[in-house]
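One chain, chain A, links the two complexes that follow: it is found with chain B in the first and with chain C in the second.
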Partner chain A sequence: MAVQSHARDAQNLLRSRLCNPSFVFKALSGSPDSNYSKLKFILSSSVTEACNNSLLLLGPRGSGKTAVLELVLNDLLEEYPDMISVIRLNGLLHNDDNCAFKEISRQLCMEHHLLFSKMASFDDNSQFLIAMLRECGLAHKTIVFVLEEFDLFAQGKQRLLYSLLDAMQSITSQAAVIGISCRLDADQLLEKRVRSRFSHRKLLFLPPSTEIIERLLQHILLLPMDSTLPNDYATQFNTKLESVLADERFKEILKNYLSSSSTINHLLRFLFVAVSSIDVKSGYPSLDNFKTALSSFRRQPKQECIKDCSILELYILTCIRRLESKEQKSYNFNSVMKEYKSIHDQFQTSDDYARNVCLRAFERLLQRDLICFSDNRGQGQSVEFRPVKCLISHFELQEGIKAYRSCPIILTKLLDR
Partner chain B sequence: MGKEESPQAARRTTRASCAAASNGEVGRSTITPLHNPTVSDLAFGGEPLSSEDLRSSFPARRPQILELVHLLGPHSSPMLPLFVYGGASTGKTTVILQVFRHLNRPFVYASCRTCYSPRILFESILNQLLLHRKNEANGYSSAKRCEKPSDFVNFLREDVGKVVDSLKDHSGKRKSNKSRRWPKGDILYLIIDNLELVREWDKSSSLLPFLFNLYDILKLPNFALIFVSSSSPDTYYSSMGYIEPIPVFFPEYTEEDLRQLLIRNQANQKLYSCFLDIVLRPFSRVTRRLDELSTVFSSLFQKYCEPLSDTSLFPNDEMKRRLFSHFRPYISPALNEIFWGPSQCLSGIESGKVTRQRGSIRKHEDNEDFTEIGFHMSTAAKYLLISAFLASRNPATLDASLFDSTGGSDNRKRKRKASEKSMEQKETVEQESLMKGPGTFPLERLLAIFQCITSVIDVSIDEEEHGDGFSTDGGNSSWLMSNVLSQLSSLCDANFIAKGGSCPLEGSTRYRCTISEDFALKVARSIKFALPNYLCRR
Partner chain C sequence: MPSLAVSRSAEEPLTPQKRRLRSNSTAAPETPIYAPTKRKSPRRCLDSTPSSHPNFSTRNDSIEPISNSSKSPAEELSDDFSEILNWNPRDASQISAVKEALHVSTAPPTIVCREEEQRRVFDFCRACVEKEQSGSLYVCGCPGTGKSLSMEKVSNKLIEWARDGGFDPPEVLSINCTALTSSSQIFGKIVENGYVKVKGTGAPLQHLQNLYSQKQQSSSSKMLLIIADELDYLITKDRAVLHDLFMLTTLPFSRCILIGIANAIDLADRFLPKLQSVNCKPLVVTYRAYSKDQILRILQERLMVLPHVVFHPQALELCARKVAAASGDMRKALSVCRSAVEVLEAEVRDSRNNMDSDTQENSVVKIDHMAAALSKAFRTPVIDTIQSLPQHQQIILCSAVKFFRGGKKDTIVGELNKSYVETCKSRMIPPVGISEFLSMCRVLNDQGLVKLGQSRGDDKLKRVTLTVDEADINFALQGVRFFRTCLQ
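Moving on to the complex of A and B:
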């Protein structure tokens, strides 16, 4: 019983670690040439020496750009209290200029305990921003603008980017603009007037090396010895885990997983499933946990879809593939039905169903996203006449039918011909 | 859970009761207006579910339940977003809601089917969080007006914070509050159902990445997201990326699972199992969806039991054979009726029975019931429908030869032997007609054809009635003017004729007849009109 409750506590601890990016990335902040140190250096120079900076954090999704920035900002806020205010914008939320300015004003008002007016116009808000920048500059207070999904701000007229970067040219203001994007060509999207005001400093976030991954695994998964968990349980947990981590098979699984998705957040997701599947009764991690995690991510949705189909639906898919191999440009339910009838006439299959039954099966295929309408026109037209296209390849269908239990042999034959 | 008639029924009641629970128990509030909604209403109302009950009520979903419980983890432990997917009617929503009932955790449920636009979705989530109830006093308005994702994020941060605070408050002094069941843990779960529908919304290209990134945008440790979708994660890929949520797959039921599920809650399980021996295999070849199968089987089982006086008996071999021979003729028509509702299905079989008594079971047609239903349409509307059908089916160039005795007289002479090339052409034309569907026609053509076919009939009727050619053109056209246009609009409303866009060259509206040939023939038969003579066969 005791082991069970300890195991639950341990699982809880590991899960909250995995869901907390700042804990994970703290492990990587030590070395002097890490992105953390570079970013901290640049930002602290803005704070202490009042130089205006702009830079881009680039890297694939899930490589920890935001997490590292948050770490740096938190550290700086502790080091220099009352000297920094952070404005956070997200391209997904504020990609129209009006909305972005409103959000900036709102956050500035919150920060400085001012009254925010929802009715303020675009002009009011942008003037307010300039005024605030001047005031803060005079008070030696740095405003850090964090623009997540930076590439989305570069759509349209880029008025927000222009006015932010332009305001930074004046000597009175003290600010930093940090763009975060997963598009490596994000600075190429900028207009000329914006680009000339941008510093073109970039920090690249690369996929982690093997050593880093090993260090992260140790950092995240090993239980601390000085927590509420009893010492002997934690020691045993850690030795079990060490043996799993050292196992060749584990390394194989990890390599297999990381070959398709190599960023740190993907690794966290993988570990999360593995930790969640630790059996509370036995209480300790095993290699099987990592195997289940791998199999839950290694899914082939199209194959699963084919496995879910009924035999009539497979017939219709086969007919569609046959039409496609006849190089027919477009087809709809009627032409599929003609093919279906001809198959039946030729081979006398036992699966000859009425037209409306086939139509229902056809609609189910549409629901499963195995086929879709090839154009959005003709909404008013009934399903039978709208041209469709097939969303799975010949090979996928062949594999799916091979793996299908109790599938009529005639189908494989029809498909091969 | 175990008492309901079929799994399908269970699913419906679950959704309804869930809505009642999470919306602050609407039903109860009308009786006792003093009841103030509290945070405890965010958990599933009613009795808690033991893990045995949970497992026994979903016999075929054991691995999925286990996986979900593992991923949800112990209470108060954070979770990365989940993505639950699987075909329609595989029990995704029901299982998740019942798992929450079992675990007794607070959650907010929003389905993109009922919340059909971003604004309604956002406001419904916020209403549930704020325990706001739409009623007469507040003019059925939402707690907050929220249209943009940016506002939604701000509100959500605020409200989730409040809810989590009160959850934490109570977990401290839980012992004092034993009268009401209080939800466990301080994590709030947001379940977004029917996510696949969002792809068809207007702003889906910005809304979907927003929803998938919501967890990262909010950065709230006490907030967890679960997406439920009937289509697989690979159908959501777009140019905007996101970290894929953790997938949980619900596969379609196998034949064995279906048997287990269907046999549950039957009064006489042995009898039903004999019934399933016969029907399950052929029907599962057509569809493996539980909702469709249970509808068809419920009516078929009544047929199966008809010869029995006492349905609680255990069938022996001899009785099974008797039942089978009685039942066999119903199977194949029912297989072809699977698309239709149960009542029509039965009437079809009924008419099949009549024909069998006449000793001509082979002549039985699937759509026999059409003639029996009969259409409450005026004769003029029927003629109009037929002329619309003709106008849609026949090419306009052949109208003259079909309806005018002098127009296409030289048609036969020009008929030549079909060469290889013309055969090929014919095939492509046929292909095209399959693709294109019914053709469109202007109003003038419809009226012309209508006048042609009604004039023929008029003459014959008049001859029968008066014996002389008394009818005049004037009378004919007045009938046309007074009636036909209103009939046309009512046919359009009934969706027999579709109004298309106007032709850019002519500027007039074009129509299209959407009825099938079988149906047109039936209508023609009911007014004794020789439709096949007028159809152009290529």
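Moving on to the complex of A and C:
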């Protein structure tokens, strides 16, 4: 009993850790080579030495760009309170220049407790921005502009980018512009005047190496000794977990999982499913948790659909595939029936069904979305005459039929030819 | 400077002219030294004090004994290094002084390498003010060539000259055309700043045209110098605004001098053809991209304000060569030099963590630091990203390369999937399912390595093209034997 409640508490603790990006990325902030320290160095030099900087954070989605930036900003706000104000813009929301300037003015007003008027025009907002930059420069306060989805700001006339980067070239302002984007060529999208004003610093967020992953796993999954869980449960949990992590099979599973996508977000999702499948009765993690997590991510929905099909439906799918391999671009129910009849004439199988039964099976395949109508015209015609196309690939059909419980051998033979 | 110093010590009996020479010779080294403290007043470094530059006074004295003796240039250079090599990269205030001297926003008091162009513009404006005539000028050039900076200097110089010469100094209006919501607002800006007195309401353009077509009653209205930056934002489809703006200077009683700044060299020809017929084509001053010598000279000018030798001269030359070959953009050169200083700073910090001895070799920015900074600035992240992609995404890129080798340039996702499955099977790797294949294609699309088109219905019918060069993929993956055999 006690073990079960402890196990549930442990699960909750681990799950809350996995959903907290600042906890996760704190593990990566230790080494001096990491992106965290480089970013912190650049931003703190902007704050202390009052030199304006602009840089770009690049990396695939889910590699922790925003999380690391938030970590750095929180640390800097603690170190230098009242010397930094942060303005956040997003390319999906504030794409339009008018909207972006309005949002900048609104955020600046909120930070400095001024009244914001929604009626202010574009001119007023840009004058306000320039005036605020000058005032903050005199007061030695740095304004940090965070532009997420930076590549979306580069559409159109790029007025916002030009004004921000131009303001940073003047001596009276103290600001830093940080762009976050997942496109590697984000700075090639800029106009040449804007690109000339941009300082070409880029921080690349590459997928983590194996030792970083190991360090991350230890940091997240090992229970702390000073939590509400009793010490002996926690030590037992940790020893079992470490034996799982050291197992060769676990390393295989992890390598297999990360071979399709290796961002940190992807890894966290895997760990979440694994932690959720910890058996509360036994109370401790095991290798099977990770195996279930892997199989839940590697599902093939269409292949699983094949498992539920009847043999007649499999016949129809095979006929459709044979028609496709004969280079017949469009086919409908009638052509499928012809193929079906020809197969039976050739092989004398026992699965010869009447036309209306086949039509019923055909309709079931349509409902299950394994085949679909190839166009939306001809809705008045009956099902037999409308052309269809197959939504499942040859490979999937083959694998599905191989895995089928009692499939007649003739189907595999027909598919292979 | 050495020659002036020699003349000073040789000609002891001073005539008034020589006295002025001597005061001139002392003035020259002083201005670069005073300027940084003046420039620092808008901002304050956190840990700099007025006494943080103690070496300024010593430099003047230390230069003279070296230049008066006769030594070979190499010996002199090494002497310079050994005597003035007291730049300590561990001192934060000195590093911040270097970075500030190299920052784009610190404008030097005199602009070098643009004297010819500035002279031309200044002569033109001076002629206009003297004759009280209007005129238009078009300044063009690549970004980062010093156009806006020199226009500022010219306008200041013009006002000074007008005051000294007894002319009425013109009003200066600087507009950046990106700040205008619509292009016709520029006329409103000219009117509203009070430079032009206008009675009543109405379209500002009409007012200006009326004003300039009639002889002024009061002769006390000043000349107006309009500097319009980023002029191509005023180009509309019918090009009316730009045309009207330049036509303002052709009206009989016009009193405005218009200087337009843009990047396109042929803006005046392409967008203002009608001015040719009125014989009022604007004068075009082209700002060429900086050459290697010019960049080197500008960097040296900037670094002269510092009391120490910060850069090895070969490092500066490497930077100047590379930037001049690439674009001739001064901002890029300054940014590369700053990041070279940061590379040195990081190295010093690491060596301080490793060992505590004070090594003198680390004290200047050498060629390897500069090379590291240059490669960081000019390299694209594509190669690194491809090398660090997960295995299946790399296989997708390889199968795309093989598929597109035949001459086709795009295909649909379904075909790419077939090619991918074949590649996987030939290498005994289990391929992933179609839904995961699609999500991997989407990830590659987000990163800009492939381009995925739109498709209304089935996802498998989306068009796929490769946006990264085949040579890049080959280069990035050549280290892995698997892909080498794959790509053959």
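The rule is short, and it goes like this: the second predicted complex is superposed on the first by the 300 of 417 C-alpha atoms of A that agree within 3 Å, B and C clash if a C-alpha of one lies under 4 Å from a C-alpha of the other, contacts with A are read in each partner's own complex, and residues count from 1 in each chain.
Note that contacts are C-beta pairs under 8 Å (C-beta built on N, C-alpha and C of every residue); 3 or more make two chains touch, one makes a residue touch a chain.
Predicted, not measured: the structure shown is a model, and the values here were computed from it.
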{"item": "Partner chain(s) touched by A:T66 [first = chain B, second = chain C, both, neither]", "value": "first"}
{"item": "Partner chain in contact with A:S330 - chain B first, chain C second, else both or neither", "value": "first"}
{"item": "Partner chain in contact with A:L164 - chain B first, chain C second, else both or neither", "value": "neither"}
{"item": "First, second, both or neither for A:N90, with chain B first and chain C second", "value": "first"}
{"item": "Touched partner set for A:S199, first chain B, second chain C, both or neither", "value": "second"}
{"item": "Touched partner set for A:R15, first chain B, second chain C, both or neither", "value": "first"}
{"item": "Touched partner set for A:C319, first chain B, second chain C, both or neither", "value": "neither"}
{"item": "Partner chain in contact with A:V146 - chain B first, chain C second, else both or neither", "value": "neither"}
{"item": "Touched partner set for A:S262, first chain B, second chain C, both or neither", "value": "second"}
{"item": "Chain B and chain C footprints on chain A, overlapping residues", "value": "61, 182, 299, 301-302"}
{"item": "Parts of chain A lying in touch with chain C, wherever the complex brings them together", "value": "32, 45, 48-52, 58, 60-61, 121-123, 126, 137-138, 140, 157, 159, 162-163, 166, 168-172, 174, 182-186, 192-193, 195-197, 199-202, 204, 206-207, 258-262, 298-303, 391, 393, 395-396"}
{"item": "Contact set on chain A toward chain B in their complex", "value": "8, 11-12, 15-16, 18-20, 61-62, 66, 90, 92-95, 99, 103, 148, 182, 265-266, 268-269, 272-273, 276-277, 296-297, 299, 301-302, 304-305, 307-308, 310-312, 328, 330-332, 334-335, 338, 351, 353-354, 356-357, 359-361, 364, 367-369, 380-382, 384-385, 387"}
{"item": "Of all residues in chain B, those that touch chain A in their complex", "value": "67, 70-71, 73-74, 76-80, 85-88, 148-150, 153, 206, 209-210, 213, 216-217, 221, 230-235, 241-244, 246-249, 251-252, 284-289, 335-340, 366, 431, 434-438, 498, 500, 514"}
{"item": "Partner chain A, residues of chain C touching it in the complex", "value": "39, 42-47, 96, 99-100, 103-107, 142-144, 176, 178-179, 181, 230, 233, 263, 329, 331-332, 335, 339, 350, 376-377, 380-382, 384-385, 388-393, 414, 417-418, 421, 431-436, 439-440, 443, 446-449, 458"}
